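All remarks here apply to the structure that follows.
Here the chain labels run A, B, C and D in written order, and each chain numbers its own residues starting at 1.
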């Protein structure tokens, strides 16, 4: 099947191109990217020299499209493609939030295609697999929400966790995009760690939306305090979620709950020691450790992923596989490039 | 004044030696270090070639000693020195906890000199300056407690913060000591971030001890959920403390409270954007940002320091300065080696 | 086909296990590793959790073995396997040097199976492909020699390069093995670069051996000044080779010579800008740039590779593919995990 | 004495400001920086919060100026200052090359003040101390030339080294300036090493100029093949110089030659193991190791420095100290921030 990448020149776009090199069913047949249009792929990405494609200003021939365009631009381009019957996995935020008002307030733009929001599925296959398989438009989750929601889902579902949740998340620098900025310059971020967006990050409404769908009747709405950090590494997100246990539980029961919840989920592994981001380098895994902190009766729910893998491009391919009736793991790695 | 370093071969010992190169009043006259005894300083630390000292198995002639020995060994060596009238700044945990039982349970050893615990002062000069100045035995705080306590102190003192506190702390690798281990090997920790000791870290009782001293009547005992992390950098600690505001407050009042609390404290700077560990590289500063998260009514209290500076050797020299009647900043840097 | 890994617990052994996860023809059926014998693979390598293997003290059932054991131990174990008709790719130095005396002087040990040296083929498939395909015992090249020989081979073969060669090579830390040492400890090597073994590195005789085979009649024996460096990265080798041009040449001719030499070699890409080690992260590529420095009439011949990929485990699988009559690229990546 | 910094917003300018915090005789009284003019120092450099200065578009009141402006702009600003009797240390290339034609060809600009070239002294105090002390205009050496010339000087002076020299130099990223670019973006350079400017770097003529001054009669002009590299670290340069020994020498004689040459030079330390860039982190040292490679009769001459320290701002202060009749080491560190 022919696939195209819209916006190949960013980090998620390039990671999609890398993963598609190894995909047995998808053939990358066209790529777009405004800033580098006209250049050959090999000139922009020397490590992807196998592709003989030239970056186009616009594309539209393939059967399925991954969009790694910025929000709003993405919906503008994806809308017509969907209407022409193409399958689309949109890695921007445009089709993640089902409530148009929340989207417009969060991103401070007018949604170009609100009529498609109903059709769009939030592409977290471990929670929404059948819906993904049945749609032609997926809003691919953000990197932080993927880790955070997967860390919290079993405890929220079981009514075990208080809806007042603190999420302290640490991200590698590739999450900030490929364009150089003062914040992402080597000399500024090497040997440095700091928080940012302490007053609210755009990914927070996604987390709330997905967890609210899972909370049992009688549990109050989810309320998050989400603090993202930049740490000096290229790839990787570690999300630590803290919340009070609101039922009696012990560590063994907690592990059992999580193992049961993710039984048969190939890309989520429940582990008994704090997960390390490096275990996910270059693959499509999320490692989750639920911990019951006895003295405080708090839950510490940790998840590690590659922000470009399960947090972006890997998950996009997992979604595309499902949308095409293929095994979800096709072309995706489980082993990490470690050390 | 002649000073000695017990255990110069670890990270804190070496940092003490580096700082003493520039101290106008303290002259490093002797150093000990069992593993490297007999070697010249320059052979172990080529970047400290100015010292012509040889590492001794034991020392005891100087007027003031910094001990960077492991816990228990440290008290065994420092006890007799104190009794001989020497001033001692102990960087181990041996004289930090005033309650012998807490110490012995935390470190799983018998205290070699419990009779000195009463004399010992917890050496956090911003909170205990006059006591430090009056004693001859200081228990120099741990790296995590220094950042955590300074981040929380004003809010706890003011009765503004709930005593149920979550601390998510990130540390550079030098905090794990100078001896190579699998955890601290470059290829394991580079491009990696993970939590450790999620069930309780030895520094936690110090944090509780110091905050409990500050809480107003009527506030329940402090109860922490402390989760330390290793991030891929050499130096630096960022401690993020989360707790509910239990009084009405706004952001402006919170800044004002913190600025007032740390007025005249040269080494604590209250800032209005998330502090970065790199601002403290090689110096003796702590940067603190208190943030009021309106939607959740939570406080996010952040502090950044160099774990070997204000978190260990720098603070030890600050304490020694006070104990000797010198200006507390003597020989210490405020500017960071940045970038 | 069933394959085994001898010494799975080092970096090359673990990389072999990672690559074999994706190999369509080789099934990893047994692994050995003395230090961790008795443990499950997942307990030592959490990011390889798909394997249900237990690490054995000894193995011998598979059809083909990769040995990542230390030199001498490796030949002791591989010798009997070869004699029992097994195919062996030995990643140690034991079967790289065809001259027993050179081996014994370089490694300061007695060769356990000198009688096998004649059978052994130096496994650099781009230069020795047919020989590799015909043997059952391959001495897999060292990481530095792979890059250095591939950078120099075309110029040496053509009689263009003086045999007096300076090689300034930079390696990531994983080349130093998985066992923690002071040199490889994060805090020592991060933000650090230095040379080592300036008086001679064990890989030098391999480089001389292979280049001497290529030099035309009339060119004097190869004489190298090889200086390896450690740079603060996990993976990657960059070898810069400097030598005088001894024939007239220009840049265009030099490119043409190299392109022609490596035509049809899938894993060697000749490029026109200085190759970057990151282009090879996790893959089996070598990027080579030959440069003619006009003012000095020197050749600057550069090659970049992943020291664990083409420099070790990837090349071992490439060799094994050839030994088994499979396409050499089976199971190996060309795209890099970048950024 | 009042000093000013022209162009404080780059890496060298900020390092000057950091070092001046600790200088006992120089008081930083004014700073300029076009891009950030009007801002307070603390808003641009939070880790330099002690300064209450505002960045000005232009300055001119101080007695001595450090210029960290770009080449050409620097001479335009410094020229009038020198003519008004101010002392100037220019960190740009404008007053390094005594031959106007070489400067203009190298930098492809017209020199704004060629009439000052005669007055200007190349500020490498270990080789030109008395000249520096006697002038009011110093061209502060480039980072690569400082390390390269100091590594080579004793061997060239003694007529021991062939004038055909290969220099393979490795630099941390701060040498590329403070402005973010694709090359210096964290995700591009972390875990990466590569050469650049293989056909000629602007620093090469300085190296040739200074070494040509030192070569004995009868030795042919210096001819360099200089290849700079970017390695993933913030600070540090390692320059490895390779050349043939043209006299008989042994290792002991070589050490003796170097030790004698640098006797009494506080900031050059001759060492017997390969120097590490980290030994110079934040200080003003150069560590030099001369090595005689017996088999090839080559000299391997290595030098490590902090590119912002002895390679830029530290050396500028050393020069300013000499120009003002102060001890050259005033305000400069010898101990490194290590680890």
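Note that contacts are C-beta pairs under 8 Å (C-beta built on N, C-alpha and C of every residue); 3 or more make two chains touch, one makes a residue touch a chain.
Since the model is a prediction, treat every value here as computed from it, not as a measurement.
Engineer: What chains touch subunit C and also subunit D?
Structural biologist: A, B
Engineer: Can you tell me which chain lies farthest from subunit A, using the average of the Cα atoms as each chain's centre?
Structural biologist: That would be chain D.
Engineer: Give, as an integer number of Å, the spacing between the C-alpha centres of subunit D and subunit B.
Structural biologist: Roughly 36 Å, centre to centre.
Engineer: Express in whole angstrom the distance between the two chain centres, defined as the mean CA positions of subunit A and subunit D.
Structural biologist: 46
Engineer: Where the centres are mean C-alpha positions, what is the separation of subunit A from subunit B, in Å?
Structural biologist: Between these chains, centre-to-centre, one finds 38 Å.
Engineer: Which residues does subunit C have that touch at least 2 chains other than itself?
Structural biologist: Residues 11, 174, 178, 187, 190-191, 232-235, 276, 278, 281, 339.
Engineer: If you look only at subunit B, which of its residues touch subunit D in the complex?
Structural biologist: These residues of subunit B touch subunit D: 11, 14, 17-18, 21-22, 45-50, 174, 178, 190-191, 234-235, 269, 271, 273, 276, 278-283, 285, 287, 333-339.
Engineer: Give every residue of subunit C touching subunit B within the complex, in rising order.
Structural biologist: 11, 173-174, 178, 180-182, 184-187, 189-191, 232-234
Engineer: Please give the residue numbers of subunit B that touch subunit A in the complex, ascending.
Structural biologist: 164, 166, 168, 170, 172, 187-188, 190-196, 198-200, 223-225, 227, 229, 231-236, 238, 240, 242, 274-278, 281, 291, 293-296, 298, 300, 302, 304, 339
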